[in-house]
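Should a chain be cited, it is by its letter among A, B and C, assigned in written order, with residues numbered from 1 in that chain.
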Amino acid sequence: MRTTIRVDVSPSSASWPMYRALVGVGVLCGLLIVSVYLLTQPVIARNEAHALQQAVLEVLPGAVVSASFALTAEGGFRRAGDGDDPQRLVHAAYTSRGQLVGVAIEGRAMGYQDVIRILYGYAPQRQRVVGMRVLASRETPGLGDRIEKDPDFLANFTALDVTVTADGLSIEHPVQAVKQGAKSAPWEIDGISGATISSAAVAGILRASTAQWIPLVYRGRAVFVRSGAVNEGG
Amino acid sequence: MKGAEKAVPAISTDDFIKGLWRENPVFVQVLGMCPVLAVSNSAINALAMGLATSFVLVLSNTLVSLLRHGVPRQVRIATFILIIASFVTVVDYLIQAVSLELHRALGAFISLIVVNCLILGRAEAFASKQSVSRSFLDGLGMGLGFTLALLCLGAVREILGSGALFGVALFPAGFQPWTVMILPSGGFFTLGLWLLFFNYLRVRKPAVREAVPGGTP
Amino acid sequence: MSGESLWSIFLNASLVNNFVLAYFLGICPFLGVSGKLATATRMGAAVCFVMLVSSLCAYGIHRLLVAIEAPYLQLIAYIVVIASTVQLVEMFIRKMSPALFRALGIFLPLITTNCAILGLALFQTNKGYTLVQSLVYALGAGAGFTLALVLMAGIREKLELAAVPDAVQGTALTLMIAGILSLAFMGFAGLGA
């Protein structure tokens, strides 16, 4: 804004048109923005809910409907309402007959380029991670982004062992990344050679996130199962 | 085209045409580089960004021209920025409503349309002085020129970098994509090459004219 | 997200995701002011300063807008408040320290509506950084911008006497160099992991 401002000789008479112009334009713009916001907001909210539902159903094969739950301060779960912190939400998914398929949990951490966000599905009955999807990443195309579509890598997450210890407080075998082809135990993740850091980052997210969430979800699993039955009844 | 009043210059198709080629905002005026480089990694992103910018450009040009007699020159820039920022916010919500995926791909660069020097530049240099219809045409022309330039970049980068155009694969399976083209450095290279091409045309033209006496340019 | 360490935020903003070479923010001053090394250094310092100020503003505005539940005003509020704050700071510096003003002041109006400044405000909001994290992010972004600008100016000063074909001169050549610099900066990827 390198404009020379000419000082008017009679400021009192000249300031009125300026106020009028600024306030007028401000009101006009305000009306425009608010009306567009009100018009588009329901559509945007629906789009977002739909995208989340798609992702949840994808990581929990066999499910057709999902519901969100929020972590309470006591470490239990309740049905999520508006205004719950998205970082404290998990999403339970059910079959058409209201049976619990599993719970989808989001995790995030720094990857090779930027933060990677993933969503993974956990089946409490089998105590396994049954699906994983990368929600957002800026990994190098052709190398790091293989964490999103490499079938061998994704196969790691169809039956990943996250059994909870007898006291229900931690995971018996924390998730571990190993070299490509070296996977020997059900809690290990085969890395991708050529995308070492990205695949290790995904394993790291899972390791941290499962350690934090799985014991909580496992102990609170009755809430999720009950909700499914209620849904069916209603 | 209807006739204009005496004092005001007549509307001409040139208001529209000049933005496409002779005064192309990207290749000739080198304006608004940030979005050009950042979202041109695929043709579809480039197209969406170009259209969003055109939308803001046309509407802000029109509104600025409509209000040109009511706004004192001291607060001119402030009102321009208010108007542009509002239209950008509107576009941001519209894109979110149409496609969340597209909104994620373009990210913060939709909001950054507001600091695209092209839009403020046109408002200041053209729309604040000209009639509504001329400003509208000017915005449309410049917007299309900008979209065209973005598409030039996006298409080259997607064809070489992913072996596809608008997501449709172009090459047989054996093609090894030049990944560098969709990385940030590919953006610099591609734009550099396009500018080089235009410079070459400009340098060459007078030379040709001298070589062929009486030849038409 | 707010668990990210400050050092990793700084590295990420300055090297891995350099504002100029990876996000393409602030290309205009990058192409315009990178001709002379001395100018580039001062410009970089001015950008660092404005980034810190605007990061502080953006944090405040975001908290306010969340409190009054008006997210749709974000963009307008950012650009208006940041622009006016920078103007105020400019006047303040001119009054308090003419020497500092001569060194940095002439760049301040140029920077106000720079996309790197608004980009920083938007990114830190999207990433949900706390106040301290935001300031470190701003510092990193400013340092990264300065680094890119100074590197570029150094190369361009050397190239001034080199014989290059007519068609390549000017912006085209600068963009090519920027591309190579950007390739080099890719080597920093993975530092923050």
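General remarks:
We adopt the following convention: contacts are C-beta pairs under 8 Å (C-beta built on N, C-alpha and C of every residue); 3 or more make two chains touch, one makes a residue touch a chain.
Just so we're clear, the structure is a prediction, and the values are computed from it rather than from any experiment.
Under the stated contact rule, the graph of chain-to-chain touches is complete, every pair of chains being in contact.
Between the chain pairs B-C and A-C, more C-beta pairs are in contact across B-C. Centroids of chain A and chain B (each the mean of its C-alpha atoms) stand 35 Å apart. Between the CA-based centres of chain B and chain C the separation comes to 23 Å, rounded to the whole angstrom.
Averaging Cα coordinates per chain places chain A and chain C 30 Å apart. For chain A, residues that reach two or more other chains under the stated contact definition are 1, 29, 33, 37, 140. Contacts with at least two other chains are made by residues 78, 82, 85-86, 89, 93, 183 of chain B.
The set of chain C residues that touch two or more partner chains comprises 72, 76, 83, 113, 186. Remark: chain A residues 1, 3, 5-6, 8, 14, 17-18, 20-22, 24-26, 29-30, 32-33, 36-37, 40-41, 43-44, 47-48, 51, 136, 140-143 touch chain B in the complex.
The touching residues of chain C, when paired with chain A in their complex, are 1, 4, 8, 12, 16-17, 72-73, 76, 83, 109-110, 112-113, 127, 186, 189-190, 192-193. Residues of chain B touching chain A in their complex: 67, 70-79, 82-83, 85-87, 89-90, 93-94, 96-97, 99-101, 104, 161-162, 177, 179, 182-183. Within the complex formed with chain B, the residues of chain C that make contact are 21-28, 31, 72, 74-76, 79-80, 83, 113-115, 118-119, 122-123, 126, 166-176, 178-180, 182-183, 186. By the touch rule above, chain A contacts chain C in their complex via residues 1-2, 29, 33-34, 37, 87, 108, 110-115, 140, 197, 200-201.
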